[in-house]
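Here come two complexes built around subunit A, the first alongside subunit B, the second alongside subunit C.
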Partner chain A sequence: MFELPSGAEIQSIIASLKGNVGFFLPEIYLSVLFMVLILIDLVVKGRKNNLLSIATLLGLAGSIFFIHQQHALPAGELFFGMYVLDPYALFFKYFSVVGGMLAVIITMADRQFDREVKSIGEYYALIVSMVIGMIMMASSADLLMIFLSMELVSLTAYILTGYFKRNARSSEAALKYLVYGAVSSGLMIYGFSLIYGLTAQTNLIKISTELAAHGYDPLVAMLATLLILAGFGYKIGAVPFHFWSPDVYEGAPTPITAYLSVASKAAGFALLTRFFLISVPHGQPKIEDILGIDWTLLLTVLSIASMIYGNVVAIWQKNVKRLLAYSSIAHAGYLLLGIIVRDQLGTQATLFYLLSYFLMNFGAFYVVILIANKTGSENLDDYRGLGKRMPLAGAALTVFLISLVGLPPTVGFIGKLMIFSSLLAKGSLYLGLALVGILTSVISLYYYMLIPLNMYLRDAQHPAEKDFNPGMIAQVLMAVLMFLTLYFGLFFTPLSDFARYSSALFGLTW
Partner chain B sequence: MLSLIVFLPIIAGLIILAVPSSQKQIIRIVSLLAAIAQGVLAVLLWRTYDPSMAGITAAAGGNPVGSFQFVEKLPWISLNLGGLGLFNIEYFLGVDGISITMVILTALISAIGVLSSWTIQKQVKGYFILYNLLATAMMGCFVALDFFLFYVFWELMLLPMYFLIGIWGGPNREYAAIKFFLYTLFGSVFMLLVMIGLYFSVLDPMTGNHTFSLVAMADQHNFIKDAILGPNNVMWRYIAFSVLFVGFAIKVPMFPFHTWLPDAHVEAPTPISVILAGVLLKLGTYGMLRINFPLFPEVFHAGMFVIGVFGAINIIYGAFCALAQQDLKKMVAYSSISHMGYVLLGLAAGNSEGMLGALYQMFNHGTITAMLFLLVGVIYDRAHTRQIDKFGGLSSYMPRYAAVVTIAWFASLGLPGLSGFISEAFVFVGAFSSVTTRYIAMVSVLGIVFGAAYLLWSLQRMFLGKRKADAAYDLEVGADGHEHIHFHDWKGKLDLDSRELVMLVPLAVITIFLGIYPMPIMGMLTTSINKLVQVLTPVVLTSMN
Partner chain C sequence: MEQLTTIGLNHYLTVSAFLLGFGLFAVMTRKNAIVILMGVELILNAANINFLAFSKFNGGMQGVMFALFVIVLAAAEAAIALAIVINVFKTFKTVDVSNIDSMKE
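Take a look at the complex of A and B:
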């Protein structure tokens, strides 16, 4: 029977919690920021001035200081194993915060908000709460914590997707997102319960030792893995859990689309990688022996299906946001390749690819917004002749797309190089996967190039008399993102070293 | 010096970026100055190049200096990959016999291309920025000795080329541009995988680390025996050779990967056709010589016959296709395919004569085909058509044009005394003296006959005889009582104007001069080719690991 802890035990628990609070400062800080933003909103009554957005921006920037402080702390478990602090988690903390900041900046540039909503109110507070959720996803080391943090991200994402209340597409997207999300969460938590049934543990490290030490029913373990994969697969947008993504990407406000496609995917990968590398035992007895299938094989199937499906279906898209949605499904496939090899080089490659994806995808969505501000459209046909009217935007978008294809000298090329290197470093074992990867990236060239094709090779249907000027700040930001995409394509050592440093997971020795 | 010659165009491109787009003349002059400076540097390289140094592989001790010339070697990227050691990429440039000639050719053709671009009126600024980017990428490919660097330059060519065909091309340009892009990318992605595989298979003898250095890779002793592309992994080495070969063959282009070329040429504006035929195609065969063959010599030996067969198919099939064309530019494009077949045949021979012929043919094909495309451009500018039947009797009205055409056409069909003859002769001498390719060579000789057929036939139809009834021009009697021709809406000079002469005369002079005295180019080639043949001869490896 469950016994109540004695007074002394409670004392020690409290002491331990108090001691751990110091390791939790970024999360606390961001929670405070969340509440402060709501207060500011009450004061300014949701007027569309820049006070809220700048406060959010500065607030998020402040959290980088707290995250940076954590480099000095030793890697370890917090709150009785619910939470871990390691370089790997820090990587995703930076990732989510900087992504959030970019989302705020992009929102400030997006004119659709002026048309669609009366008050920007809780929008920024919700972005902050999504950042908190992602940060916690990256650090969760316990099934309960994983579920809670994922739900925190999902719930805010549903609201933000449907933020344009009077826009039918936006509401439709939110509903679809919610339904798919609810189903996959349900499946995932069922998988968790099976794991708990097998091991009586919720901590990932303990699950691993328990499974390895006492054996398990292979069928149940496999079923549990499959169910959990449904939850993670939904977050990273991999086939066959991708059905929500084209509609959501198309319907959601574009800054949210950009943020979901980059940071939410990354947070999903943070969890997926931690779960599979830590909790699934790969010593003896081997989980690979079960029914002739194993989790790396599952991920391999997911990865191949995502690369092929995403890249092939994207060819027929006429809406740029949908096109990028399918491309993001394909990129989930490339990212999975680095996890499948199950070594430090692979993890490093995945993290590097995430960084490169961050730059190029945010950049692409940003330009898409700027273009939509001027033309009011995201249709491929309306991109005709834009190269002449928005020269910088056209050039920047071309660079981002070339980077998404994976051509040098861009950071996307280095990302692919690292992924394929990690595959080939294992000899000819994963050559087939590498082949699928490169052949599908040739396909991707075709549809990515449809955008420059319309921008440069075709003339506008309705010739406009003057050039579109997206404004000074937008030009600078675009140029910076473009420069970074090219710069890190030639001098990628700092990014790669950071990815390597971050590939240290607590509870895992490579 | 090599860095300068590579990056001069891109510097010009950056300057152009700052020039307002209305200042068309300044933009053109900046590009021209960069091209001239590049040319001057190329001449300097040519004068100071020491033909006694072989190149291909490193000198004793694995040091590329002492074997390659004008070497620039700087650490570029160095990553720690834990158990896999350091990930080293070097900024490593250098030339030997097989690249110095291509550097000279590239500088020459780039400069002529700038002159030929003078008539471009649409979006001049964008055009020259892309043109200069392309020029840098091409030059970079020929001097890069680090595989990674080579790959970056190689891929960097694609995007400018896509836009140059796609924006400034003919009516069907969208199709031609994306076809070019997809074909070449398809070839080069496999190269990426092979490159990574080679990286994990080769150790730099000087540092003991894995390396991308092509110089280290060219020495079989530097391979790790059991690595993925090491000598013990015979199957993977064959596969790697084949996919690399296909990647380069697409660029050559070799049958059956050639279909992008006629489309690209027909749609591309004249200067881009000149660049494409003059330099880009050479990159395919250069890649084979620098990377494909020396890195996998035993596979090359096994595949010589197949390569020779493909060479022969190229020669004969290209000539047949050229014979059937009505469009003059398409005919020249197919003649390019045919002539690149001679290069493949010479390479397949595998001996010094064949290789020398192949490399000399690469240079000569560059100059001759550039001339052919320029001449097609000249007539197209005036008549706005390239249909061979729409002309007739041009020689009496455009004598200078007809004279240059005659030189170019005869050089192309290999008339003795012009440069094309010498290279084709060497190719056949090499192919006949090699047991493997002897019979292929016999069949290929037919190509010369067909080559003569389509060239002479087109010459006759266009330049001899009288104006045809449906010709692209009218006849008028001038004030002097003589008959003149008159092209609709052509305001310029009827015969070649001075700009066109400046482009064409040097090429014609080079063609004639190298046909009489080939040593300026051949002299630089011989040492390197002997070394290359030595590297390609299979040796039983005894050492290492």
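Take a look at the complex of A and C:
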């Protein structure tokens, strides 16, 4: 049935694999870091070990050097089309690594870990393995690699969500995350098998040429599309695959919530964009791709549903982490808009929006942790009068929330502006979508502003003790994030240039 | 009659579609977390049958590779899933998902 390769062929395959290893250094480095962290944990036991935190932080910072070196390498396929290296993948490599570093820093500030866990060794190792998974998600160009990297991220995320073993909310969140995740990845795999049946290929670029050349059965293609979208939609947390996200965001350790809501979502978008732009054949007027139209239509429905549902349900939330969960569903909707446009401007806008979302969401979750450390609560009512007792935290949270609404002069405003202008540049067809986006942003103004309202204009129910200083390092980080949110809102050219540079996908000419 | 006796691609696809259906049914109707995970295994195996059947009938190797990796990952997922379910049982004293619902809107 299968032909065996000859000796010479095997030699050339091995030579090619060896040649490609040089393009794979960041991933190898991070894998070594993962093992080193486990070894360090064996040697130095302890609660929230500072040595481990610093080692993880420095290790992750070291990987930026390797990623930076990859700019010099030519874009191309590695390992027989399993993996690609292009500016788009590099963008998400930076994104995941810096996100991982922030997650570590936030963990160091979080007091809940002191109460809930005995040993924290594997926690940091798992964060590193999640970073590897996300990097691989952004670089996969083959259905098999997509599946493997997605499972790597999911499996580590399940464990990290349930890391507070004796905490009921954390265990429950892990179970819900697991059940939804397992079902949606199972459905996605079934969709992949249908695509494989249609094209006999697993490489995205080859799938695209195969679909364009030989056509396909629209019904099967539609079914495969729906099933695959279940997997991707779950990762990005878009309606109607969002059921897990409020519970998981509320129950998980807050650093993990922040990391999941930013980096895991971004990695999902990396996959979705690559899959959507590359494997769906474009520019074929003959079958002005049925699959392409269906994808656009499906994504439009998902995007509108996410924007409306996320923003409307958030209004009734009393828990700030839950509120941010619903807001992240809404943001998935805005991000989808940039993909629907399906051109370079739209991709650039999506990447820029991800960067701005990174700053403001990490910032918001960081302040929420600092406040929870002091008040022991994430309830909206307990935020009363905090503006006077924690002036810097209050100011920073207000800035992040203004940015999440999308008001100037913050980076969130520029992000929304770019998304909507990329929609409008495409023609009046997308005017309605932009309108939905703008109207739902207005709704979001209400629930985001409830938090500053409680902090500044309402007095605390129980006048508490005076000690509300979160510590020097925490304040510096908070101030830096706040400063960046404002700075890039005014001088956004470097970020938008970087996003533009990163919108080059291998195998795609705009 | 010949349709029934010579096993072709359609037979494999039918079996796999049934497996997918049973898996989804189990996931949607059962309350026991472990039975839900069994349903997930059915879905994964349905995909495996698809991959192997397509691989057999178009002569490619990718489908076989894919099925192997799916089997490995299903095992890894089951290990983690059971660990989480055991932990949930320790905390809640039940694995009935309708009772594990402490977080509400």
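We adopt the following convention: the second predicted complex is superposed on the first by the 497 of 510 C-alpha atoms of A that agree within 3 Å, B and C clash if a C-alpha of one lies under 4 Å from a C-alpha of the other, contacts with A are read in each partner's own complex, and residues count from 1 in each chain.
As a working rule, a residue touches a chain if its C-beta (ideal position, glycine included) is under 8 Å from a C-beta of that chain, and two chains touch if they have at least 3 such contacts.
In this text, all values refer to a predicted model and were calculated from it rather than measured experimentally.
Undergrad: I'd like to know which partner A:36 touches here: subunit B for first, subunit C for second, both or neither.
TA: neither
Undergrad: Figure out whether A:305 sits in contact with subunit B (first) or subunit C (second), or with both, or with neither.
TA: neither
Undergrad: Report for A:64: first if it touches subunit B alone, second if subunit C alone, otherwise both or neither.
TA: Neither partner.
Undergrad: For A:417, using the defined touch cut-off, is the partner it touches subunit B, subunit C, both, or neither? Pick first, second, both or neither.
TA: Only subunit B is touched by A:417; subunit C is not.
Undergrad: With the two structures laid over each other on chain A, which partner does A:504 touch: subunit B (first), subunit C (second), both, or neither?
TA: A:504 contacts neither subunit B nor subunit C.
Undergrad: On the A-aligned overlay, A:73 touches which partner chain: subunit B = first, subunit C = second, or both, or neither?
TA: Neither: A:73 stays clear of subunit B and subunit C.
Undergrad: Go through the superposed model and pick first if A:25 touches only subunit B, second if only subunit C, both, or neither.
TA: neither
Undergrad: Would you check which partner chain A:223 touches, where first means subunit B only, second means subunit C only, and both and neither mean what they say?
TA: The answer is neither, since A:223 touches no partner chain.
Undergrad: How about subunit B: which of its residues touch subunit A in the complex?
TA: Those in contact with subunit A are residues 77-84, 87, 123, 151-152, 155-156, 158-159, 162-163, 166-167, 173-174, 177-178, 181-182, 185-186, 189-190, 192-193, 196-197, 199-200, 228, 233, 236.
Undergrad: Can you name the residues of subunit C that touch subunit A in the complex?
TA: 16, 20, 23, 27, 33, 36-37, 39-40, 43-44, 46-48, 50-51, 54, 56, 58-63, 65-66, 69-70, 73, 76-77, 80-81, 83-85, 87-88, 91-92, 97, 100-103, 105
Undergrad: Given the complex with subunit B, which residues does subunit A contribute to the contact?
TA: Listed in rising order, the residues are 344-345, 348, 388, 398, 402, 407-409, 413, 416-417, 420-421, 424-425, 427-428, 431, 434-435, 438-439, 441-442, 445-446, 449, 452-453, 456-458, 491-493, 496-497, 500, 510.
Undergrad: Inside the complex, what are the residues of subunit A that reach subunit C?
TA: 1-2, 143-144, 147-148, 151, 155, 158-159, 162, 165-169, 171-175, 178-179, 182-183, 186-187, 189-190, 192-194, 196-197, 200-202, 246-247, 250-251, 313, 316-317
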